[in-house]
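Paired with subunit B in one complex and with subunit C in the other, subunit A is shared by the two complexes that follow.
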Partner chain A sequence: MPKLKLALYWAGACGGCDVAVLDVNEKILDVANLADIVFWPIALDFKYHHVEAMPDKSIDVCLFNGCVRSSEQEHIAKMLRAKSKVLVAFGSCACFGGIPALANFTTRAEIMERAYIEAPSNENPEKTLPQTKVKVAEGEITLPELYENVYTLAQVVPVEYYVPGCPPTVDLILKVVNALATNSLPPVGAVVASEKTLCAECDRKKENKKITRIYRTHEIIPDPSKCLLEQGLLCMGAATRGGCGALCIKANIPCRGCFGPPPGVADQGAKLVSSIASIYETDGKDDIQKMVNEVADPAGTFYRFGMSTSMLRRKHSRKR
Partner chain B sequence: MLKKMLGQFGVDEKRLRLDWVSASEGDRFASIVNDMTEEIRALGPFNRSDGGK
Partner chain C sequence: MKKVSIDPITRLEGHGKIEIFLNDNGDVANTYFQIPELRGFEKFCEGRPVEEMPRIVPRICGV
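Right, the complex of A and B next:
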C-alpha cells in the first residue's frame, strides 16, 4: 500500500490540538511510517502555495483543528476540502466552535474596541483599528477579514468525521490513526468518541441527586469518590458525550463539556440547564434566586464549547 | 436560570414565561395564553439573524 498523504491545519485555535498530536510520543513514528505529512504549519515548512499546487483529492486525510472566523481560515478550509478525500473536524473548536465561539456573545465591533482601544495596555490615542487593506509607500498591504461570527468547520464546508475534545485525547487520535492504517473508517458523519454520555462512563458513586448550593471549583475540595454534581459542582457529564476517558473527573475536576452533546441532544446548554434545574432543592422564590446568583455566567458555563452549534448560535440584537 | 441565560443571548425576558395552571382552571389557562400572545405580538418577531460574516 502506498503511504497515505496526511495534512494537518490549524484555523482559529490555540495550538493545543497540534500539541495533542505530538503527545502521542513514540507512536508518532507509526504515523510517519503510515503517512507522508504534506502540510502541517506548526511543525513543517510547507506553504499555502504548495497545497494550492496539489491536484484535487490528492490528500488522503486532513485533520483540521480550530474554528473558522476569518476570511483566511475560510479560504484554507475550502482549499483543503477540495484537496482532501477525507476531511476531519479535529477538536472542539472545529466541531462545535469551542472556546473561541464564546465570542459569539459579543460583536466584531466590540471585540475590536476592546482589543485595540479600551484594553489598559493599549496606547492608541488615534483609535487606529486594523484594516483589511492599507496603502503604504511600498504598495498595498492586506490582512484577512475578521468575521462577525465564529463558525464550525462543517458550517463552512462538508466534513466526513468529527473528533471532539479540547484537545482530542491521545487514545482517540490513535483510534483515528489505527482506522486509517487498517482502512476501517466509520460511516461518514461519525463522531469518533463514545455513543454514551460521560455520566454513563463515570465511576463515581451516584446516590442522591439533590443539591442545595452550587459551588464554583475554587470554593470546595470535592470528595474524589462521589458524583461531583451531587457535591454541588456544575459537572457537564450528564449532557456531554463520553469517550474522553473521564480525564478531568479523575483529576477531581468537573467536566466542562468539551466533547459536545451526546447523540440525540440538539442543544447541550439547554440540556444542562434542565438537568441542574431538576436537582436543585428549592423552597420558594428566594431559593430560586439564590441558585441563579450562584451561577455567575450560565451561558458561558453551559455553552463553554458549544456556542456555534447551539440553537441560538450567538447573541442577538434586541432591536431590529 | 433560563431567563438569565437567555438574557445573555439577547433574548428579551418577556419572551419566556413560567406559570402554573391546574387542569380545572380553563379560564386562567386561556387568559395566560392570550396575555402571552399579545405580549409577544407587541414585541414583534424575534430577530434571529446570525449576524452574517
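Right, the complex of A and C next:
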C-alpha cells in the first residue's frame, strides 16, 4: 500500500491535541510507517503556501483540532477541506467549540477590552486594539478578523469524522490509526468513541439515591466507590458520551463533559438538568430555588466544552 | 520595499507570523512579529468558580 498523506492542524487551540498524538509513544513509528506527514505546524516546518500549492484531494487524511473563530482559521479550514479526502474534527474544540467556546458567553468587544486594555499586566495608555490592517513605515501588515462567535469545524465546512475529547485519549487515536492502516473507515459522520453515556463505563455504585443538596467540588471529599452525582456533586457523566475510560472520575473528580452529548441527545446541558431534576428531592417552590442557588455556574458547568453546538449557541442580548 | 512573510512560524506552541521588510539593498529594514490568535481566557474565566480554574486554564497551553 502506498503511504498515506497525513496533515495535522491546530486552529483556535492549545496544542494539547497535537501532544496527544505524540502520547501514543512508540506507536508513533506505526504512524510514520503508514503515512507521510505533509503539514503539522507544531512539529514540522511546512508553510501555508506549501498547502495552497497542493492539488485538491491530495491529502488522504487531515486531523483538524481547534475551534474556528477568525477569518484565518476559516480560510485554513476551507483550504484543508479542499485538499483533503477525509477531514476529521479532532478534539473537543473542533467537535463542539471546547473551552474556547466559553467566549460565546461574552462578546468580541468585551474580550478585546479585557485582554488589551483592562488586564493589569498591560501598559496601553492609548488603548490600541489589534486591527486587521495597519500601515507601518515600511508598508502594510495584516491580522485576521476575530469573529463574534466561536464555531466548530463542521459549522464551517463538511466533516467526515469526529474524535472527541480534551484531548482525545491514546486509545481513540490508535483506533483512528488502525482504521487508516486497515482501510476500514467507519460510515461518514461517525464519532470515534462510545455509543453509550459515560455512566455505562463508570465503575461507581449507583443506588438511585435522592439528593437534598448540591455541593461544590471543594466542599466535600467524595466516596470513591459511589456515584458522584448521588453524592451531590455535579458530574456531567449522565449527559456525556463515553469513550474516555472515565479518567476524571477515576481521579475522584466529576466529569465536565469533554466528549460531548451522547447519541440522541441534542443539548448536553438540558440533559444534565433533567438528570439533576430526577434525583433532587424537593418539597415545593422554595426547595427548587435553593437547588438553583446551589449551582455555582450553571452555564459554565453544563456547557463547559459544548457551547458552540448547544441549543443556546451563545449569550444573546435583548435588543432594545 | 520587498516583504518576506514567514507564516506560520512552526515547531513551537502557539500561533505566529513574521513579516520582514527589505530595503532596496536587500537588507532588513524592519521586522514585525504578530500573533494572529486570541481566545479570551482573560474574559471568559471571569465570574466562574475558582475551584474550576484548574480545569479551564490548562487549556491556555496544552503543550
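Everything that follows uses one rule, which is that the second predicted complex is superposed on the first by the 318 of 320 C-alpha atoms of A that agree within 3 Å, B and C clash if a C-alpha of one lies under 4 Å from a C-alpha of the other, contacts with A are read in each partner's own complex, and residues count from 1 in each chain.
Everything below uses one rule, namely that a contact is a pair of C-beta atoms (placed from the backbone, for glycine too) under 8 Å apart; a residue touches a chain by one contact, two chains touch by 3 or more.
The model shown is predicted, which means the values in this text are computed figures rather than measured ones.
Student: In the overlay, answer first, second, both or neither for which of subunit B and subunit C A:Gly269 touches.
Tutor: The answer is first: A:Gly269 touches subunit B but not subunit C.
Student: Who does A:Arg114 touch here: subunit B (first), subunit C (second), both, or neither?
Tutor: Second partner only.
Student: Using the superposition on chain A described above, determine whether A:Asn149 touches subunit B (first), subunit C (second), both, or neither.
Tutor: first
Student: Output check: A:Gly16 vs subunit B and subunit C. Expected answer is one of first, second, both, neither. What do you get?
Tutor: In the superposed model, A:Gly16 contacts subunit C only, not subunit B.
Student: Is A:Leu87 in contact with subunit B, with subunit C, with both, or with neither (first, second, both, neither)?
Tutor: neither
Student: Going by the contact rule set out at the top, does A:Phe105 touch subunit B (first), subunit C (second), both, or neither?
Tutor: Both subunit B and subunit C are touched by A:Phe105.
Student: Looking at the overlay, what does A:Glu72 touch: subunit B (first), subunit C (second), both, or neither?
Tutor: second
Student: Taking the superposition on A as described, I'd like to know which of subunit B and subunit C A:Ile211 touches: first, second, both or neither.
Tutor: neither
Student: Quick check on the superposed pair: does A:Val38 touch subunit B, subunit C, both, or neither? Answer first, second, both or neither.
Tutor: Touch status of A:Val38: no partner.
Student: With both structures fitted on chain A, tell me whether subunit B or subunit C touches more of subunit A's residues.
Tutor: If we count touched residues of subunit A for both partners, the winner is C.
Student: Residues of subunit A that sit at the subunit B interface in one complex and at the subunit C interface in the other, please.
Tutor: In the superposed arrangement, which is not itself an observed complex, subunit A uses residues 105, 297, 300 for both subunit B and subunit C.
Student: Write out the stretch or stretches of subunit A touching subunit C in their complex.
Tutor: Its residues touching subunit C are 10, 12-19, 41-49, 69-70, 72, 98-100, 102-103, 105-106, 110-112, 114-115, 119, 130, 136-139, 141, 143-144, 146, 166-167, 216-218, 253, 256, 296-297, 300-301, 304.
Student: Can you tell me which positions in subunit C touch subunit A when the two form their complex?
Tutor: For this pair, the touching residues of subunit C are 1, 3, 6-8, 10-15, 19, 21, 29-30, 32, 34, 36-40, 42-49, 51-52, 55-56, 58-63.
Student: Contact residues on subunit A for subunit B in the complex?
Tutor: Checking each residue of subunit A against subunit B gives 104-105, 107, 145, 147-149, 269, 273, 276-277, 291-292, 295, 297-300, 302, 312-320.
Student: Subunit A touches which residues of subunit B in the complex?
Tutor: For this pair, the touching residues of subunit B are 1-2, 4-5, 8-12, 44-53.
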